[in-house]
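Working notes, structure below.
Chain naming follows the written order as A, B, C, D, E and F, and within any one chain the residues start at number 1.
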Amino acid sequence: MGLPNTPQVKKVITQAIAEDLSQGDVTTEALIPKTQQGKASIVVKANGILAGVEVAKQVLLKVDPELKIAILIEDGTEVKPGDIVAKIEGRVVSILKAERVASNFLQHLSGIASETGHYVQAVKGLPVQITDTRKTTPCLRTLGKYAVRVGGGKNHRMNLGDGILIKDNHLAALHHQGLSIKEIVIKARQKASPELKIEVEVKTTQEAVEAVEAGADIIMLDNMGLEDMRQAVQLIKGRALIEASGGITLDRVRAVAETGVDLISIGALTHSAKALDISLELD
Amino acid sequence: MGLPNTPQVKKVITQAIAEDLSQGDVTTEALIPKTQQGKASIVVKANGILAGVEVAKQVLLKVDPELKIAILIEDGTEVKPGDIVAKIEGRVVSILKAERVASNFLQHLSGIASETGHYVQAVKGLPVQITDTRKTTPCLRTLGKYAVRVGGGKNHRMNLGDGILIKDNHLAALHHQGLSIKEIVIKARQKASPELKIEVEVKTTQEAVEAVEAGADIIMLDNMGLEDMRQAVQLIKGRALIEASGGITLDRVRAVAETGVDLISIGALTHSAKALDISLELD
Amino acid sequence: MGLPNTPQVKKVITQAIAEDLSQGDVTTEALIPKTQQGKASIVVKANGILAGVEVAKQVLLKVDPELKIAILIEDGTEVKPGDIVAKIEGRVVSILKAERVASNFLQHLSGIASETGHYVQAVKGLPVQITDTRKTTPCLRTLGKYAVRVGGGKNHRMNLGDGILIKDNHLAALHHQGLSIKEIVIKARQKASPELKIEVEVKTTQEAVEAVEAGADIIMLDNMGLEDMRQAVQLIKGRALIEASGGITLDRVRAVAETGVDLISIGALTHSAKALDISLELD
Amino acid sequence: MGLPNTPQVKKVITQAIAEDLSQGDVTTEALIPKTQQGKASIVVKANGILAGVEVAKQVLLKVDPELKIAILIEDGTEVKPGDIVAKIEGRVVSILKAERVASNFLQHLSGIASETGHYVQAVKGLPVQITDTRKTTPCLRTLGKYAVRVGGGKNHRMNLGDGILIKDNHLAALHHQGLSIKEIVIKARQKASPELKIEVEVKTTQEAVEAVEAGADIIMLDNMGLEDMRQAVQLIKGRALIEASGGITLDRVRAVAETGVDLISIGALTHSAKALDISLELD
Amino acid sequence: MGLPNTPQVKKVITQAIAEDLSQGDVTTEALIPKTQQGKASIVVKANGILAGVEVAKQVLLKVDPELKIAILIEDGTEVKPGDIVAKIEGRVVSILKAERVASNFLQHLSGIASETGHYVQAVKGLPVQITDTRKTTPCLRTLGKYAVRVGGGKNHRMNLGDGILIKDNHLAALHHQGLSIKEIVIKARQKASPELKIEVEVKTTQEAVEAVEAGADIIMLDNMGLEDMRQAVQLIKGRALIEASGGITLDRVRAVAETGVDLISIGALTHSAKALDISLELD
Amino acid sequence: MGLPNTPQVKKVITQAIAEDLSQGDVTTEALIPKTQQGKASIVVKANGILAGVEVAKQVLLKVDPELKIAILIEDGTEVKPGDIVAKIEGRVVSILKAERVASNFLQHLSGIASETGHYVQAVKGLPVQITDTRKTTPCLRTLGKYAVRVGGGKNHRMNLGDGILIKDNHLAALHHQGLSIKEIVIKARQKASPELKIEVEVKTTQEAVEAVEAGADIIMLDNMGLEDMRQAVQLIKGRALIEASGGITLDRVRAVAETGVDLISIGALTHSAKALDISLELD
């Protein structure tokens, strides 16, 4: 669950700082003496799950490597208004320059973790995993998917290269060639890397069975009704992982989980989570 | 309101593609012949305001410059389920590879434009402007703020360099030096570029008056009650622009506007808007 | 098997050009008139399998988008001395500037494809797949692995994120905690994405069985003797994919394949293949 | 001979890490506690000349600046199986994440240094220098040429801008204008920077003499027979440096050196050297 | 006035080093032992105002983070031949490699600050501000504008996004639509961000009055005669800032200032300042 | 003399555009309809030598690839006020957005070419070459040196890697080891690439002779008086190229040339040339 401290994440942090600071901070530079020292706190203003405190720290240190930052609450912790996430000490100009970017990351990622937490909580006790999708905010996939893990979810594919997922658009495109689902799965197995699992998106239980029998590792039940899902589970459970996808809401997620599916994937975790209110305040 | 077609936006598009395609698209490459031609549509699935169709087009063309793309609906249009935003024609492999990234931009930006539209609609007929803040999603500030404009809002500062905004943290930092708001505003005027407006965040009507008299161009009323806002408007209207900020919700925004403020700034436009459901489907 | 036309590949091409042309081409600029037109051919000088002709084309077009390039032989074709891979027409200065970089890519990638072809040929008729490893030349992983596919091989993991591979170093690190292979595999299954296969590197047939029974999807037999491999195949075939790894040479690869393993992975495909002699000559 | 610690080299290191770690290390993150400390050694598995230990160190430190790395063997040293190149201490997760990229650099560069060493050894005692060419692996020119120096070779041109080399393709292009070699050399001298040497590739001793008399600083004898080379040396030695090029093998290099040429350039040093087996092992 | 320590500035520093060091320093590497320690001084050779000493320090530290650098004179100080700006201690190879790039920044920026200082000095005692323009050296805008501030000037717009400046080219383009200056200013006010000032370039006093009455915040008098400027000041002073622009020389600047304008903008500060002679010398 | 159309130059162009357009052009976007077409001219306002018209074209096309640009005057031409360098046709918004950046390049490069032209003119008829130095504006070395060539000058070293230049700082550093100039030159010859020339900076005629006898290819006479230069020429002419360097002004350059030196290098060509006044005007 460790923060993905990759070159790409560093680049995202650098760019986010550049967005805000490319022309300096005219207010702070005009008003605050360069040498003035101060202290600040990152303070939670709402209930949720914290995610991104290490990213916020990296933002602060990128702006000024001499800031002292003490992290008091780790990612994954449930937080409430008033909780102090971290204490910062150093040049006031640096703290003020980094404030907004650090907060923006923290609010965005904690929002995703908190939303994920709601779904995980809703299926508590059932043998099912909540996963994200590739419907992530552009440029923030790695961090967004990290926040899902922090919130208790699992990651679906990271990108188009780490798993074979035969979707409706693929089936539509192959329809012209008269290939059956079975033939398509077999072709994928032959052509693709043996290291990768094969998942197939299906609309009916019949297609689900056909895909499993052709050797698919995971079956995605696309926007199916609860009854169909239950039937699909009966027919294929144990021979492949079963994933429910499409139109999952917090109200409905437990019912879906109770059908016996193994995975429930939810785009809204990353594309529609509300920011969690957290702010950075000078003491 | 034109799409900000800057080097930075191109970089964001390139990176978003890289996130998804850095290892190729193993499914599509395994199954679809490179030469197969096809058509696709970008289809709206929910009510809202469209934003980002040019970005989606750029994503598609970046993946394959030979795709033919006809935009049928322009940014800023109110859309409803079933509307066809654009038609695409060309290599099926290219369409499938670009699909998710193009949709992610479109859903994210249309989400922001739609949310902005709700607020703009709520204050219709009143002489007030809805603006965003710097609480944007990291790396997506330029595009996010474009979507706000598309939705009928105005942009507040783009970054820390294009306007002087003296906030509570600055006042706190300057408190140790015993400077009054008046002295701080005057200092800012002397030190900073004459090209830039000076805005001051205040908590009381008294501070508002003091800031105006020191020459501030804009007064931000921070989390004030309606009564205080009305009083501030009475005291300073016409001498400076007045901005309401903090805790603005859709329920409350009209009441705030009716106090007579000139601007209402809302972080949620960019940090908490839900994605608008739009998808790319092969015909 | 399509060329991975990703942002990263484009970056690699740009950098390779920059390496050679960052200060211009002082010879060509001093001698050849800018407007002089000419023709050139890319000519094969040795036997092998061609890979990278599209990359060479991209290099040429990056240096001068107005060059006309006709590809006469596609990647994956067996070539012999004298074969003309492509014809180029346009400004002579552009052709001369791009020549070395285009050739370097073509020679490197065709070298990998040719070496892969030798191994694939050596196991012809047996139900086994030749795969690469992550022992690739720095910065050239995507292209190197493409060349392996062109040569008839399959790709093992592209990077540390698209498959779980529990290696000797992991087992060593977990030894201190007293975990058995079984416990380790189960922990990996719980923690990691359900989308990913789990592979375990083992040194004995006993470990192989233990890993399979814990649910591993692939078993890597590390530097095992032929007899041990045969025994491992007998014990676990059908329950997991079996991969032979370590010390595989062209002399020995068929014997290894005959043990019944499913996959044979070979680092030398990407780290030690000799360049295939191909040159670009002005007509 | 110092490691070229340039911005470009740092970029290559960053990209190589990105190739492997862009999605994190799912295995290590799933299994190894973030705080676990450990030790590792970089161990030689074959005979050769070490090159790149500083690069490997930089890779490790880029992944985790807190790793402690003690280099025990310097670049340029002859190594044998069992030699410990360096000792590493720190977070196990960091060591495991950096392992493959660090090893890939070390194996590749040591392979080049070792191959160079074979050629240098073969001409021992003769007044000749072994040089590389611009036939380097894309993106790795600076490092590859460093490894050649480590192996006892000299560098030919780094790129198209740091020396004038009039090659067969230039002569062919200028043939249409009816220019003699002499006229071409004089034109180059007039047009180009006085800081740069002029080298001419020739196919006959007659051309060699003509180029020298026109003021060329270096004459490259392209794929000449030994007898012709001897004759060329007799005719021009002392008036220009003489370089043998094309088709040089380890078997033939000493005979070529004995003709009296000053330089022997060999593309295979950088494009076809086998990786030297070196691995990183947890203690 | 603080040095704009932004990601973009760091990138400029990195690139400038890359320009000079991309192939290493062949002289220093051939001659100076890697371990040799030494001391050096940055010495002023001419009269002027120092700017860029922190940039020079960053260049040195980027080349070798272990160099010890003591800054003896701060930016903004008037310097004379023989003044020691900074003392450096550490590896001689590092000092020699960084020397030219560090000096180039220092000479360029101090040249701008010194030129600015001449103009500021020339208007001493008058209530006017000397400002720069967007006529900056490509890639060096942020640093060049910093040097202007160091020299006592103010910054005009940093880029096309942080202020509305309606220039002759805009008026020409809008002429076809028959819009008056008044209508243009009002349109700008409606369309653009309320955070930004509106400046209008005018050629006559009549246009100046029209622009002020339409609500312009700043009026730029373009290449006006002294008499016209005086008249413009009489007509509009106090209702908008007044800026003189075009053809300002050191001889004429005081006369312009005496007309009563608030701002005088001068392109030559950044595009034509002579470098200030400063060098780095080994002790 | 062709424009160095390298990846680095493209990057510089991209960055210069980013500097000015990173937040869009708020004025143009507010006022000018996106679809409005127009024409513009690039007009010369002063006497000089044109350089950079292709760069200006690239800037315009980078901002809008659909602009039509007709170049009427080529680089290297002497221009006078009123000359039309190029005609542009297309979207007015695009022309206005690109205007400043295109002009900034053109003014800067034409300034360098013009200044170089003055020196070249001053030594007309004498067998001497005017060269630049490495004292270039950060990030603009390649373009600045191109402008020197356009103005009739030659390029000295492009960077620290393409020629050996033993300077006073090197001699100072080697003094501790008691090496003579002769020993230093021989050491450089042994250690460095045989492809590179060796230049030595000397302060006396005696040192000049010693360096030549040790095999130096170029002797730089540093800040020598005319009499000493004449003597140095007498002693070493023909055995090495002789370069005068340091304190060369337009007044003095002919006298220096008449001493018989081969090269005169002048830092001011690139670090202190005034911009040539050129502007882009809508028709």
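By definition in this document, contacts are C-beta pairs under 8 Å (C-beta built on N, C-alpha and C of every residue); 3 or more make two chains touch, one makes a residue touch a chain.
The model shown is predicted, which means the values in this text are computed figures rather than measured ones.
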| item | value |
| --- | --- |
| Pair in E-F, B-F or B-E that repeats D-F, with over half of contact pairs matching by residue number | B-E |
| Pair with more cross-chain C-beta pairs in contact, given C-D and A-C | C-D |
| Euclidean distance of C-alpha centroids - chain B vs chain D, Å | 51 |
| Separation of chain A from chain D, taking each centre as the mean of its C-alpha atoms, in whole Å | 44 |
| Residues of chain D whose C-beta touches two or more other chains | 1, 8, 15, 21-24, 29, 142, 158-159, 161-163, 191, 193, 196 |
| Pairwise touch network: line, ring, star, complete, or other | other |
| Residues of chain F defined as touching chain E within the complex | 8, 11-13, 15-16, 19-32, 36, 38, 40, 92, 96-97, 99-101, 103-105, 107-108, 111, 134-142, 159-167, 169-170, 172-174, 176, 184, 187-188, 191-193, 196, 267-268, 271-272, 274-275, 280-282 |
| Sites on chain E touched by chain D in the complex | 14-15, 17-18, 21-24, 29, 34, 93 |
| Complex contact set, residues of chain D against chain E | 1-2, 4, 6-8, 142, 158-159, 162 |
| Chain F-touching residues of chain D, taken from the complex the two chains share | 1, 129, 131, 154-158, 161-163, 191, 193-197, 199, 218, 241, 262-263 |
